[in-house]
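What follows is chain A paired twice: with chain B in the first complex and chain C in the second.
Coming up: the complex of A and B.
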């Protein structure tokens, strides 16, 4: 039963919540605004908020000077490739654990989770060395595989929690009607599993896009994604606020938009189903 | 009801994932262990044979070890404190009836989606820069001397940046937990004369305890290995070198692989202690 709330109380809640929300969002907003200023306006004191001459110049300069498109393309390939590969490997595994559980299913799931806890820095040199030996240092292929492995436990877990919500009775009914494994997979499970797979895709794409340990340490020029592109702006040479803002806005805009769609999945995915 | 046939199929379907993760775990881990027992300087003489535990004792007795441990604990603890306390307050606030709740949620969660290098760089330059940063403008507007954030209060600054990224995560999870609380329980307590504080302390907080534990454990695992935020802002200077960053410097900057690997083994042990607690909670949830 919902309780009656006075309009006044609601107005107070709204004001406080919006104020705090805007405060937390402010750094992002400020970055976006600054990206449309000239360098002079970007450092003006007192700062100008909205009333400046909006310009797209910074975006043009950033694109021209650093070949933004190449970094963007690398990010898309690395994040997209690792996510798709991860899904391909994880769907069968999660399916079998959800529908044909055995005594060891729980142990396997927890063991998979434990590989996620391995601190990256603990295996930095071995991976670095392996990449050199295999000739894949600074290659997109290496990062696709590594990020896939890093996120595989999360992908398996998310899919598992989604698949487990598909009622087993439906499968039994299908089996009674003579459906084999193939029909079961194609006509019953796949349609029911699509939303779960889609949210898993989305969240893991975001995680891979923002990954900044392996992408910084294993790339130099050819395979460098947006994380590295931004890090290159930390050198004094790149210290121009408006251009820095334009570069930042371009790096985060796609993921901010995707992220807004994935709030709910975020909770489930990152708490391994423990909070829903 | 699984048949023998489907059991075999299930096992086959699981194989690729299990195999890949097994390789991913065992190969680099055994290499790290191997290197940690050897004197290995790729640029200065290469692999010079076994020294057994010398790397382990040297890593611990080096003058940068304990400061790094301290920095790690301060940063992890600080971010946890900020994100849990403010996360609970924010979650309680967002659970109240209001206009535009969906939009506020989006505003609050947004920082979590910003890539770590971007948030570090934006904070470092546009907010914390002592000449042109917004904070400097603000300080001057009140007639105060601007703070040189990243060298005067470097650890505090990094805690601030990282908290900004992780507060949304804590808020979102705590909010999800709050929303699953049965509101009738609260109403009953209110009818029995329990004030807002009592209701929070005796009903909401106990209900949240599991979610809080999970937030603490998951964040600890991620926070123990923060890298980009330090790499971009201070590069480990001014006493902001965490354990992770120290190992990174040993391995890739000074190319002392043996020493760095021994540090890596310590980091793995540390992370595993935290992970054990997390796994126990998550495991319990599987038994439903």
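Coming up: the complex of A and C.
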């Protein structure tokens, strides 16, 4: 039975939720606002909120000084590539763990997750050296593989959860109907798991897009994505907050738009299996 | 053709042997029901025949061919599951056509067979709906449709009616029986409901803890249950099993008498007791009678509209001809 919620209580809850939401969103909003200020107004004390001379000058300067499109392209390749590669590896892995579990399945899942608890910097040195040895430092291919491995535990976990929701009897029915493993994956499992696979793709694309530690440490020029583009504006020649903000806004805009249009899918994906 | 032979088939999950070596032959065209209490291994046995579980020993032959290692898809059997197991993302038409599509049948032929099956099962108007938009009974029909289009060697049913409400269950029971009469294909049907077993089967296999307790036609099991387990399991309401003086008098450890083989009377009879609960069904009346000196009440079936109620004195006379005698091991004494 639904709990009775009074109107007053509902109003209070809504207010609190909005307050928390705005608090979280505020730094992003401030970054976007600052990107339209002059450098002087950007560091003004007391800060100006909305009433300043709106200018696009910072965007022009940033565009002039660095090749935004190249960074954007690198970001797309690295985030997209690592996500697709991850899905290719994770679908069979999650399938076997969900439908033909062994005694060790739970241990493997937990062990995979435990790698996410390791501080990334702990393995920076060996991976950096490996990249040098293999001659792949500052290459997109290396980042695709590394980011895929970093996010793989999450992809496998998410897909595993979705697959577990699919009743085994349906797959058995398919087997009785004459479907082999390939047909079973192609005609039954994948179509039924499409919402799950889609939100996994989306979330991992966002995670890979926002990944800064590895992209900053393993790239210089050729493979530098948008994270490196932002970082290049926090320069030793003094902080130019307005230009840094403009660069940041340009870097987060694509993912913000993507996230906005797919928020329903994302929320559904992340809470999948929690309520039924 | 669909003659299925199980030869010393056994199944163990790790250390636990759920089905000890078992022999059984199912003749072509027979309607065989596996019945038993939950956990007796009847579903496991069906899944072994289907190939969804691997046997731990023994051999399964379908029409004389060794099928023990053949994958489910290649055994030529069709299965209807308890949960229907329809493909939720496909229309009814695609669900029914799926096995034909897997068999790479010509699309025109696929369509012809789907339409024919839909006609038989009254699904023609629902062919373009998704399973989610159908009622339980309709979903079950789709599941059956998916099974019949393949023209399999045998149908396997795993408690197909247990998710339906009582009225629908009776209707579907008749439909499946009619289907069997028409198709004359071997059917193996698993249920825990002895009424389904009695009404549908040509041959009933009573299972307990993976063992076959008895195999026979419904009336054979009813008339000559081989042991007290089958005696108590087949027949509704259950057979009354009496021990002590009544059994000794008849040279047995346990005697059994069915509720319908006891004649009640308000005035005279062999046993005197008091009516506990009286269930008036209209067509029948069931009395639960406390006979003086007996630990358990016994059930008696009387005709409809018998006017006796709780607390009334009742006299009972068993039909000695229909009295079943069992020895100390619970086995029937001939």
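Here is the rule we go by: the second predicted complex is superposed on the first by the 211 of 276 C-alpha atoms of A that agree within 3 Å, B and C clash if a C-alpha of one lies under 4 Å from a C-alpha of the other, contacts with A are read in each partner's own complex, and residues count from 1 in each chain.
The criterion applied here is as follows: contacts are C-beta pairs under 8 Å (C-beta built on N, C-alpha and C of every residue); 3 or more make two chains touch, one makes a residue touch a chain.
What you see is a predicted model, and the numbers here were worked out from it, not measured in a lab.
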Chain B versus chain C as contact partner of A:114, first or second or both or neither: first
Which superposed partner A:188 touches (first chain B, second chain C, both, neither): second
Partner chain(s) touched by A:179 [first = chain B, second = chain C, both, neither]: second
Partner chain in contact with A:50 - chain B first, chain C second, else both or neither: neither
First (chain B), second (chain C), both or neither touched by A:27: first
In the superposition, chain B vs chain C on chain A residues touched: B
Partner chain(s) touched by A:260 [first = chain B, second = chain C, both, neither]: first
First, second, both or neither for A:221, with chain B first and chain C second: neither
Overlapping contact positions on chain A, where the chain C interface meets the chain B interface: 172
Chain A-facing residues of chain C, complex: 50, 52, 71-74, 77-79, 81-83, 85-89, 98-99, 102-103, 146, 150
For the chain A and chain B complex, residues of the former touching the latter: 1, 3, 5, 9-10, 13-14, 16-18, 20-22, 24-25, 27-28, 30-31, 34, 43, 45-47, 89-90, 92-93, 95-97, 99-100, 102, 106, 108-115, 117-130, 149, 152-153, 156, 172, 181, 206, 209-210, 212-213, 216-217, 226-228, 230-231, 233-234, 239, 241, 244-245, 248, 251-252, 255-256, 258-260, 263, 266-267, 270-276
In the complex, chain A residues that touch chain C: 167, 169-170, 172-180, 183, 187-188, 191-192
Residues of chain B defined as touching chain A within the complex: 1-2, 5-7, 9-11, 13-14, 16-18, 20-21, 24-25, 27-29, 31-32, 35, 90, 93-94, 96-101, 103-127, 132, 134, 137, 140-141, 164, 167-169, 172-173, 176-177, 180, 183-184, 187, 210-211, 214, 218, 221, 224-225, 227-228, 231-232, 244, 247-248, 251-252, 257, 260-261, 264-265, 267-268, 270-272, 274-275, 278-279, 281-283, 285-287
